[in-house]
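Order of writing sets the labels: A, B, C, D, E and F. Residues in every chain begin at 1.
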Amino acid sequence: MAFDRYAVEQFLYREARLADEQRLDDWFALWDEDALYWVPCNEYDIDPTRQLSIIYDDHARLRLRVARITETGMAWTQEPRSRLRRLVSNIEIYDHPDGLVQTFSNFHLTELRVNRRDPVEWIGRTEHRLRPHGGDFKLAYKKVMLINNDHEMTQLSCMV
Amino acid sequence: MAFDRYAVEQFLYREARLADEQRLDDWFALWDEDALYWVPCNEYDIDPTRQLSIIYDDHARLRLRVARITETGMAWTQEPRSRLRRLVSNIEIYDHPDGLVQTFSNFHLTELRVNRRDPVEWIGRTEHRLRPHGGDFKLAYKKVMLINNDHEMTQLSCMV
Amino acid sequence: MAFDRYAVEQFLYREARLADEQRLDDWFALWDEDALYWVPCNEYDIDPTRQLSIIYDDHARLRLRVARITETGMAWTQEPRSRLRRLVSNIEIYDHPDGLVQTFSNFHLTELRVNRRDPVEWIGRTEHRLRPHGGDFKLAYKKVMLINNDHEMTQLSCMV
Amino acid sequence: MDMATRSSLIDYAALVKPDRVHARVYTDPDIFEDELERIWYREWVFVGHESEVPNVGDYRTGHLGKQPILITRGRDMQVRVLLNRCTHRGNTLCQARSGNAPTFTCSYHGWTYSCEGDLQGVLFREDFPPDFRREDHGLYRVPRVEMYRGFIFASLAKTGKSLQEHLGPAAANIDRFCDLSPSGEITMNHGVYRMRIECNWKMWTENSVDSYHVYQTHGSNVYLANMFEAKADKPPPPPGKGYFGLIHARDLGNGHSDLDMRPQRRVTGMTYTGEWSGDIPESAQRAYLDGLEKLHGKAKAEQILTEGPAHTVIFPNLFNMLQEIRWCVPVSVNETYIYYAPCLFKGAPDEINIARLRRDEGAYGPAGFQLSDDIEVWARNYQGLQAREVEWILMNRGIHQPVGRDEDGIPYQSDLSELTMRSQWRHYLELMSSP
Amino acid sequence: MDMATRSSLIDYAALVKPDRVHARVYTDPDIFEDELERIWYREWVFVGHESEVPNVGDYRTGHLGKQPILITRGRDMQVRVLLNRCTHRGNTLCQARSGNAPTFTCSYHGWTYSCEGDLQGVLFREDFPPDFRREDHGLYRVPRVEMYRGFIFASLAKTGKSLQEHLGPAAANIDRFCDLSPSGEITMNHGVYRMRIECNWKMWTENSVDSYHVYQTHGSNVYLANMFEAKADKPPPPPGKGYFGLIHARDLGNGHSDLDMRPQRRVTGMTYTGEWSGDIPESAQRAYLDGLEKLHGKAKAEQILTEGPAHTVIFPNLFNMLQEIRWCVPVSVNETYIYYAPCLFKGAPDEINIARLRRDEGAYGPAGFQLSDDIEVWARNYQGLQAREVEWILMNRGIHQPVGRDEDGIPYQSDLSELTMRSQWRHYLELMSSP
Amino acid sequence: MDMATRSSLIDYAALVKPDRVHARVYTDPDIFEDELERIWYREWVFVGHESEVPNVGDYRTGHLGKQPILITRGRDMQVRVLLNRCTHRGNTLCQARSGNAPTFTCSYHGWTYSCEGDLQGVLFREDFPPDFRREDHGLYRVPRVEMYRGFIFASLAKTGKSLQEHLGPAAANIDRFCDLSPSGEITMNHGVYRMRIECNWKMWTENSVDSYHVYQTHGSNVYLANMFEAKADKPPPPPGKGYFGLIHARDLGNGHSDLDMRPQRRVTGMTYTGEWSGDIPESAQRAYLDGLEKLHGKAKAEQILTEGPAHTVIFPNLFNMLQEIRWCVPVSVNETYIYYAPCLFKGAPDEINIARLRRDEGAYGPAGFQLSDDIEVWARNYQGLQAREVEWILMNRGIHQPVGRDEDGIPYQSDLSELTMRSQWRHYLELMSSP
């Protein structure tokens, strides 16, 4: 294998930590310019040109998603911020064309809001594609297959 | 240690993935002929000749368990199939007699049914015994200690 | 890095297992004399000289915490004992001053009581500080940042 | 609004008709409350088996309706059913599922009760009024507890029919279950499946004697069986109902009923040993038969083997079949706990008892090839009733056919009549309409 | 207490005033039950779009109020709305969200129904009484189902106003939505956002035509937009309401209303193509316009583009705007399911349809920059009503201003009047107070 | 059914007897609703401490009964209790637990209120009727708010007894708590344990002055303490109740009560400083004592130290003891939120305040060696009441003994009488039976 397993794992953990701790500017800085942040809707695999996604962000829209929370103070879903903590596990790593490293992993993210009695749980599988970049990685692609993407759900305003 | 830790972990992740994605024929193919798939009832450690188990499948019965779902179209608990995703963690690996590799790990499996509002969570600890087999492993034994095996539970039709 | 990643991970898994299986005397034996077992209240980072903690145990008080359960038979919260199982994941490891190894990890602990219908879930992030000790480690410091430490919660009588 | 008022508002005869029942009897929380009062807290209810508390001081906790109970074996070897509630300020006394304890001490203020339920110790007894008598504050004993072959029944009504009267001909079904043991005794302390189902308790009771659902609900098993028989070149059963058509659906009175398979077994020649003969070594089979013959004599033993165990529901909550005792506990109008416990033959060879366990695991329990689908189908049964534009549930199969009397004088129709369920509802209507 | 008694106890006129409503109409479970009876199980309710079941045998499950339904396309190409409930013992028949099936077989006892709802197969039909007729036991067909441009509406009342009467001038709003497609047809089978909101359903209905909330609830979007416009050196909109002040809030009768943006669009010169022109290649724009002109003629096409889609609520549960069809399903007094489905233009270039999807994702859905905040604000709306010391919810904005008639004769006030909500409540009061 | 009707149906005198109460008062949801009306939304209720909002613009959210509140410090330095509910359409205004904000802006339509609750900004004010006056739409101010030594009490009744009248002799207990601070002031802004308990709120209120439960519920602590004392060769306390028997259980009127430990302390010679002396450096102890003597004079200081803090419940929801202020909020008939906050001495050496925190952590909070068991025992208390065949909860300890008057003229019995709880129930019956 062409990848350093430990480095890949630590990148995934770092990404998780930055998202959990709502360090969203730092989290956004992990992304490369050709970013695709994709959360399909209804099914795990859809054709995004004919079917709806929950999130289908390129780099520009992702910047807006982050800025809405960090800059406006009016993203009510995150005012006050949710408390977040996620487990990332079952990491499987593959070589991917163009020198990318592809990983699949499962996650269990708990979201707790100050004005809600019970937490919300976000559970699913993630595909990451990492681009080696100066001894570290840039995030080129993240696809999140939520287990409940075809169930009635509440709002999703944290970075899943 | 006589085992390749990474290979063992990847085997466990693969097993989890095949079960989660309901690729049951592939999952079944992981098992060796002397399979024992055991889910004790009421306690973690029981004498299966005097006490009831939730599952106590040899290879033949396990084949039936899988065929019931994949071939009959009438296993209503899995029509339509559940959506599944599990985290496998805390992997501890030991040498086991007869060249087997023994692992213990904890899991958290979320099951979501199309006709249910809320998911079911299956949580517990698993003992796997793997038999090295041509650069890979065969699954000889899997014992699943469900945390709720003495609590009133719903049906268990996914591969836990 | 000065630490053996695998050994550190296995120590964390062992600690989790001893706590999960309520082998509390063994669990207590993991701790070093200068132990601090800290679960902050209300926020993740507080000044414990001015703000309340949920747990702020030195070695002596921790001994009492364990003895209350193992010796008195009257710690009703643990009579009968809870069933516990936790996933420890996202392990990040750092060198720490004085030769200690510092780790951060996320956990998801499920607690099931015989006289309760539903489990309680404890979720959060843990900082461990381990002191190398004869080929193994001693636990010098454990800080548990519960996601719900500012929410109305039930009693916390297991070792989180 | 108190119970009496609430209940008098419900016209049960308008909801329970001879050939159909109204969906409301399954979904109305007021009716559920009323049932607690008129059925669960008055009638004979199955609560456990004495083999669960074989020794002095043994106990098992559970529920009678929604009330927490404690089944204990006293120093006089008597089995009692006590409310698991301290008489001081009401705390549950015992938390564990089962165990052995000479006394129970309340965790609130330390009052201590004997395993017979007597109040033994009151901390600082001297602070209580002089007319405070420990004798007045023992645990509440369910006033009527009777056993039949180890099956424990309890009734919260101080007076009423005896258990024997209540069981009537259904007692013989319990006999058939126990007589298969070479010692005449079965034990129900080998684990239990605890399950929660998402439906009203009466859907469970009905389903338990509903042979009509086997073809579809358990179609996957039929499918697999046919698949194997086809491969084995075995002759398929008669088309249509197969041998099922020979079964009798019987009305045993008091809401009890069974699916009497004896007519079928006589035709197919199936015997109890034949059911598992493939798996059991010759010697164990022989030892088992010897025991049976020794106990019953050869003729009776053969009859017992041919007739096999009964498949019977004893209203409201006991279901006895094959190797299992099953019972239900109502939780709320839309949730029910069910308990399925395999029973072993005391004194039988291990191989036979192991076969009973393995068979149980294959079909029943949360992961069983049959019960798992029942659990799903029960949930669909309850969900569908939300479609309240359709008001009635049909219960009319075979209602036009004559009701025969079998050799025991028991009313029956051929299997696949809904006679069994109709007998439950007739009794239900009586109980719910009585003053 | 039965529905009639319960309902007659509630004096709705005391709770719904011209300028305010009492918090209890959102929080009282008895009122919720009453609404099911008087609105959801009587009035025309939106249930889906025919493009969801384009082919024979296609089906889609859902709910009409709380009752499970099955929308099917029969072999006669007719769309039916059936209760998803087996007529035998009540089980839900079909579990999947959608699919194609020539028949539906119940998993309990195997009764089989055609996709038109006819009972086709009864296992062991011969066991049922001779007067049992399959024709009497088909799936319950919702008695009145009508479509308008593919929008399917259903009413459980056997008689009543036609859909056309019910829609009245609101039909034209649906026209505006569909006429933007170069084929005149839209398709609603490209996925759907399924969401649960923690509030009473009427809070959703109100909010959908509440333009007052845009400034604050969606302030983050305004903020970001201004930020970008500032950077782009664009002239800011007029101060205060900006161009919003030109919008008309209209009362379309029968509880329907809209925010009519045409007056605003005429002033700003915004046209439908202009809204996305940046993203779409010239050729695709041209092809789209050509299609439109071919269908409607040049003048009408230009009018359509200038007017754009409507923003309209059709009482009680349809909300049609921009590229979306939205509807709600009441779950309980404090929970509502909402479904937001983007519609694509049949026959339009892919680039245009893709742009519709991408726009949808940006603003709506659980992670949309607008809807996510609505979801939070709805929850706060319900939570606040626990402060029951304050009894009233205000609905009086613009109530003092004259109500005009626009060129279509429709009563309106300038935008940012709460006329739209008042028109909902007036209709609500009528429905809830009728005998 | 409205509240008045519902309430008039309940005969509280039949449920609350001098020596026992009926289980229904803890489990009936209608009674819970009635209590909201007659106790929580009428009587003086503890809501917080002014040290939580020391500065202008500070706020803290919470609940008065089930109604969301906002405690604020206005620009006039006055503490107000406002309903956290926008007067426009009812949204909760503020979501955070606490903070500082000069104004509150509603996230729905942007109405803005000052921290005094005045409506300051209405977006597009001009669209509202001319007779719309901002003055009429300020946040609802809880009509009566009074403080006693920083303890904030609120009453939703517009008129009634003053706080001073309400507290009566219980005020002196608050004094004892505060007088231990060398500045005479305590601060309650050092974190708070937020806990949910699975029982009716009155079980918490009772337990708080129930010394009888200490031996068993907290038996693990007694056990460990004895273990250590045995090892330390200390003389064990007198057998039986030990020194507990000296405590007075007092009835302070209006439902308030305490366990007066002063008689015990006088005998054992325990003083407040002695309780922590081991841990605190000499110099800090000296500084603390100096402060106390400076404030109170030597004699009074010594009295304060000897008497120590009170252990008192002020009905319905305040419990003040050792270093803690505790209060409860009713959530539903079977759930209660409880808040336990350690208070520090303003002006005391850090070492002493740290010792207060560490002691708090040892015993209280979700992981405390005492409170964790209380939480479990409360749940068992509620669970047991499902055994409804037993109807009564006993409250008769010591009822036969004479009631004395102590030197302050306050009725008391020796400790381990249930006088304290009986005084709660007598007051409860008065409140619930009043017209």
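Here is the rule we use: contacts are C-beta pairs under 8 Å (C-beta built on N, C-alpha and C of every residue); 3 or more make two chains touch, one makes a residue touch a chain.
This one's a predicted model, so the numbers in the text were calculated from it and none came from an experiment.
Participant: Enumerate, in label order, the chains that touch chain A and chain E alike.
Facilitator: B, F
Participant: Over the chains that touch one another, what is the least number of steps taking chain B to chain E?
Facilitator: Tracing touching chains, the least step count from chain B to chain E comes to 1.
Participant: For the sequence-identical pair chain E and chain F, determine the rotation angle of the Cα superposition and round it to the nearest 5 degrees.
Facilitator: My answer is 120 degrees for the C-alpha fit.
Participant: For the chain pairs B-D and C-D, which is connected through the larger number of C-beta pairs in contact?
Facilitator: Taking the two pairs in turn, the one with more contacts turns out to be B-D.
Participant: List the interface residue numbers of chain D and of chain E, divide the shared ones by all numbers used, and answer same when the ratio is over half, different when under half.
Facilitator: Mostly different residues.
Participant: Measuring from the mean C-alpha position of chain B to the mean C-alpha position of chain C, what distance in angstrom results?
Facilitator: That gives a centre separation of 29 Å.
Participant: So the centre of each chain is just the mean of its C-alpha atoms; given that, what is the distance between chain D and chain F in Å?
Facilitator: Using C-alpha averages as centres, the distance is 49 Å.
Participant: What is the distance in Å between the mean C-alpha positions of chain C and chain F?
Facilitator: Roughly 31 Å, centre to centre.
Participant: CA centre of chain C versus CA centre of chain E: separation in Å?
Facilitator: Roughly 51 Å, centre to centre.
Participant: In chain E, what residues contact two or more other chains?
Facilitator: 92, 95, 97, 107, 216-217, 219, 373, 376-377, 380, 383 - these are the residues of chain E that touch more than one other chain.
Participant: Return the residues of chain B touching two or more other chains; collapse runs of consecutive numbers into ranges.
Facilitator: 74, 76, 87, 89, 108, 114-115, 150-152
Participant: Applying that definition of touch, give me each pair of chains that meets it.
Facilitator: In this structure, the chains touch in these pairs: A-B, A-C, A-E, A-F, B-C, B-D, B-E, C-D, C-F, D-E, D-F, E-F.
Participant: Sort out for me which residues of chain D touch chain F in the complex.
Facilitator: That would be residues 1, 41, 66-69, 83-93, 95, 105-110, 123-124, 127-130, 132, 137, 140, 156 of chain D.
Participant: Would you pull the chain C residues touching chain F in the complex into a rising list?
Facilitator: 39, 41-42, 46, 48-56, 61, 64-65, 67-68, 71-77, 115-116, 150-157
Participant: Would you mind writing out the residues of chain C in touch with chain A in their complex?
Facilitator: The contact residues of chain C facing chain A are 5, 87, 89-92, 104, 106-108, 121, 123-125, 147-148, 150-152.
Participant: Quick check: in the complex, which residue numbers of chain B touch chain E?
Facilitator: Chain B residues touching chain E: 74, 76, 79-80, 114-115.
Participant: Which stretch or stretches of chain D touch chain C in the complex?
Facilitator: 92, 95-97, 107
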